[in-house]
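Shared between the two complexes below is subunit A, which has subunit B as its partner in the first and subunit C in the second.
So, the complex of A and B:
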């Protein structure tokens, strides 16, 4: 799947969780730096992403995700 | 072997560096990794040859279990039991060598039994190498870690710059670096940068941390009654000691890594400038914070089926309390962890309700909060901790005796006494004031070690500057002075 398409699909999940229809995920975005993206939201996001793309992240992969581009890259590798 | 010793700086390190680059040149990557492993074993054995066998046993057992777990066609039931056994094995090793006496003392205390304690000497680095191996085991069990070669695994655990007290490194991060073509070349820039970063760390440890340690050791001894200002000076001196000691160690580890062509993860990012406790923990012992988040907090919250805000607060407190206990077998570390868990939970609460705070007020509260936590972290027993905290907030003032004589008729004698705030301190007052201000200035500088690492360019001026830092540090090298985190 193309990276841009992944960003769009993951952005939709973020919009839903953050209650922000204008939100567009950018490669450098990080948990803690975006309003509402805290440790709880992160876990909920991960659950939704896993369900949407039918994949499973390991704890190590979650730890290595430092920003949105890592998240998209990991999803891309698993698809 | 300590990084801050003549043996390490003038014998072990040069010999190891030269051997590493010669072997790399003639025998390639594999040879150079084996060379590093041999030197890492010598480095560890210098402290205790007996516990080397424990380290090797732990590494071998974990490697075998992880390798089995990473097999794709392994029976799921066997995989499940092996995974549980592997985690239990690591916790058991930690339990026996680190917490056994603590458990026995508490069982005796609560049940009235008289079970014998064993006075087990804590094996150096056991907390760190166990933690690192647990990450590998979990990743293997969850399928994201492919089977590694024994050499790759051993270098991941034993690489001496990070073996004793971190930074906690991930297998993939390290391996990715030595698989690059550029790794095989000798890069003089790496040597220059590595020596510079190592010098900064050495300076922090021997010139600053060891100096502030004198005041902290004096003030935290149980026999002294401290005034308000003395209690603050003592606890803040410990804050400075702990920061310069551990960030100094991390700088040295990162500098050493760079000399060998490795980039170890950063562990500190000016945490004492933080204006809230969440931000603080994102900048203090960063690799541990990352581990707690990924391997404690996240699985707990995910296991709860429906993650809620309240659950996230509860699991934050539990994760931090466990992390507190990880530091050592003492209720004081449990209090330290619980204290920070509560602080993080309160911080999350006020973020949830969009409560904003002025930076300076936030910073002031954060430093106060951290200092109180440090009092528990440093004290030998709870009584000492509460004595110091009580002195910090309700202690007597010390004012010059002549003023006391003039004020004696007012009748407020319980709130002050005559004397000097420096009385009894094991350091010269003027030196102490200068060092204290110097320490604060270094913390407040806009450029930290990470900035220097990322923006390093070699020049004569910088060579002179780092040469001076290194020389001051070498001249300050005194007797045997362990790093605080060597005890964890």
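So, the complex of A and C:
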């Protein structure tokens, strides 16, 4: 899948969870730096992403994910 | 609504965030304290959302992380001031720490854990509210394999032993309620239930995706404690109770019973409905059909259910919502206490859209799943099983016979005389407490204040010696109706105040209300009172009693906090109860 399309699909989940229709995920975005994206919300986001793309992140992958570009890259590797 | 079967947990995770505009007209307001042994943030948010979807406004107290034990033994001021209506303790096998236990010492571990469990329960008792406690899930790995269940040192056996003791404790203490996560985790599957990556990262004891099912399980218990469960299943026939169309296919060709897969599915559904009936849920028919065809089908002997199993039959060509309202009226039950089961989405929606509060599952052409729509929605979740429940369908049936007798006699008083009614009155006690709490919480129409009580609250209220609560059964020549009325009150100086006064609608217009009032007069006189004060508070459903005291010449002397206070001197009350004799148990 194209990276841009992944950003769009993941942004859709963020939009709903952060309750912000205008939100567009940018490569450098990080949990803790975006309004509403805290560690607890992160858990929910990951769960929804896993189910949307029917994949499971390993604990190691989750620990290594530092920002949105890592997240998108990991999804893209697993698809 | 979103927690309905089949539960869609992604949707719940998404929707629960959007909907936090306050409810405009909530049915009630409850305070739920969640004492966690692990992370409970998502759980708490979803509990709020669960009640939101039921039009109940819910406030949550969430303990600090892992502080379930200290909040139980030495509650914080925050928890005390929160005044919980319900307390849920979220423990799990993760908090049990079974992997830390030396496998030669399992027996000691069980004993000491049960001691802690008891201490926690006894301490939480001081809150005087229902306490909802978990048992434990099975571990997702076995040390020995299959003999784990059998031998000392086996982890499965360890959980078995602890759970058995927990169940015994909960069963013996009325203020404790079991949230059976051992069953729930097995139903969903342990591999789905646990997610160790969540545990290591965020200390969630379960995977995120099972939280909605867990919340629904807890929510259903709370709904059952408040008495808001369903009482009747109204059933469509063609392609619901049996496969095919009786009017087209005929009694010998419809699909029901062995030999045809679809027929077996419907037959199994009928068996389950018969079991629901034996535990006190009424069954009725709501079908577009000629009644003669319906009778032919039941006469053919191919169905598991008999036509006598139904408390009311509407088989005609009327609109189904109208039929259902008529059924509710005939049974004297609120239409919102019905579940309507019909395979046709158009019929589902006409009933759903026109009857407020009714439950209409969205089943369609999947007979193998019909039982899940009926059983996995908590419609009939209950906290007890009383003798009245066992007899309920029978009692309603007898009511139809009474109706026939009434129509055959010329005057209503002849009818009442012919019933040969007796009533046995007794004080609230441990034998009748289950039924009393049930009746107080389930009765909507003949109910003067619509106060709802848990067993603990009622016990506390009655611990004062000025408080009274009596209950009465009603017997007649058709049989015993069981305990059908409760009246409570208190003495204040020379006045006897009647606060809670409820009666089951199935015995209305039998003179029972005046018989009860006479009993109250006796108590008032025995306590040196000179007047009786009846209290009434209008609700959405109790208009049938609004003129009760006025009709008996009481005077309205005060309205305070929407409660009317109707006074009458004891001397001047004359109540007629010619038709009911005092009876023995």
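Methods note: the second predicted complex is superposed on the first by the 79 of 79 C-alpha atoms of A that agree within 3 Å, B and C clash if a C-alpha of one lies under 4 Å from a C-alpha of the other, contacts with A are read in each partner's own complex, and residues count from 1 in each chain.
Keep in mind that, in the parts below, contacts are C-beta pairs under 8 Å (C-beta built on N, C-alpha and C of every residue); 3 or more make two chains touch, one makes a residue touch a chain.
As the structure is a computational prediction, the values presented were derived from the model and not from experiment.
Colleague: Report for A:59: first if it touches subunit B alone, second if subunit C alone, otherwise both or neither.
Modeller: both
Colleague: A:32 contacts which: subunit B (first), subunit C (second), both, neither?
Modeller: Touch partner of A:32: subunit B, not subunit C.
Colleague: Between subunit B (first) and subunit C (second), which does A:44 come into contact with in this model arrangement: first, second, both, or neither?
Modeller: The answer is both, since A:44 touches subunit B and subunit C.
Colleague: Can A:16 be said to touch subunit B (first), subunit C (second), both, or neither?
Modeller: second
Colleague: Touching subunit B and also subunit C: which subunit A residues?
Modeller: 39-40, 43-44, 47, 57-59, 62
Colleague: Show which residues of subunit A lie in contact with subunit B when the two form their complex.
Modeller: Per the touch definition, subunit A meets subunit B at residues 32, 38-40, 43-44, 46-47, 56-64.
Colleague: Would you pull the subunit A residues touching subunit C in the complex into a rising list?
Modeller: The contact residues of subunit A facing subunit C are 16-17, 19, 39-40, 43-44, 47-48, 51-52, 57-59, 62.
Colleague: Using the touch definition from the top, list the residues of subunit B that touch subunit A in their complex.
Modeller: Residues 135, 138-139, 142-145, 170, 172-173, 278, 282, 290-291, 293-295, 297-299, 301-302, 307-309, 312, 316, 348, 351.
Colleague: What residues of subunit C sit close enough to touch subunit A in their complex?
Modeller: For this pair, the touching residues of subunit C are 10, 13-14, 17-18, 39, 41-42, 196-198, 200-202, 204, 207-209.
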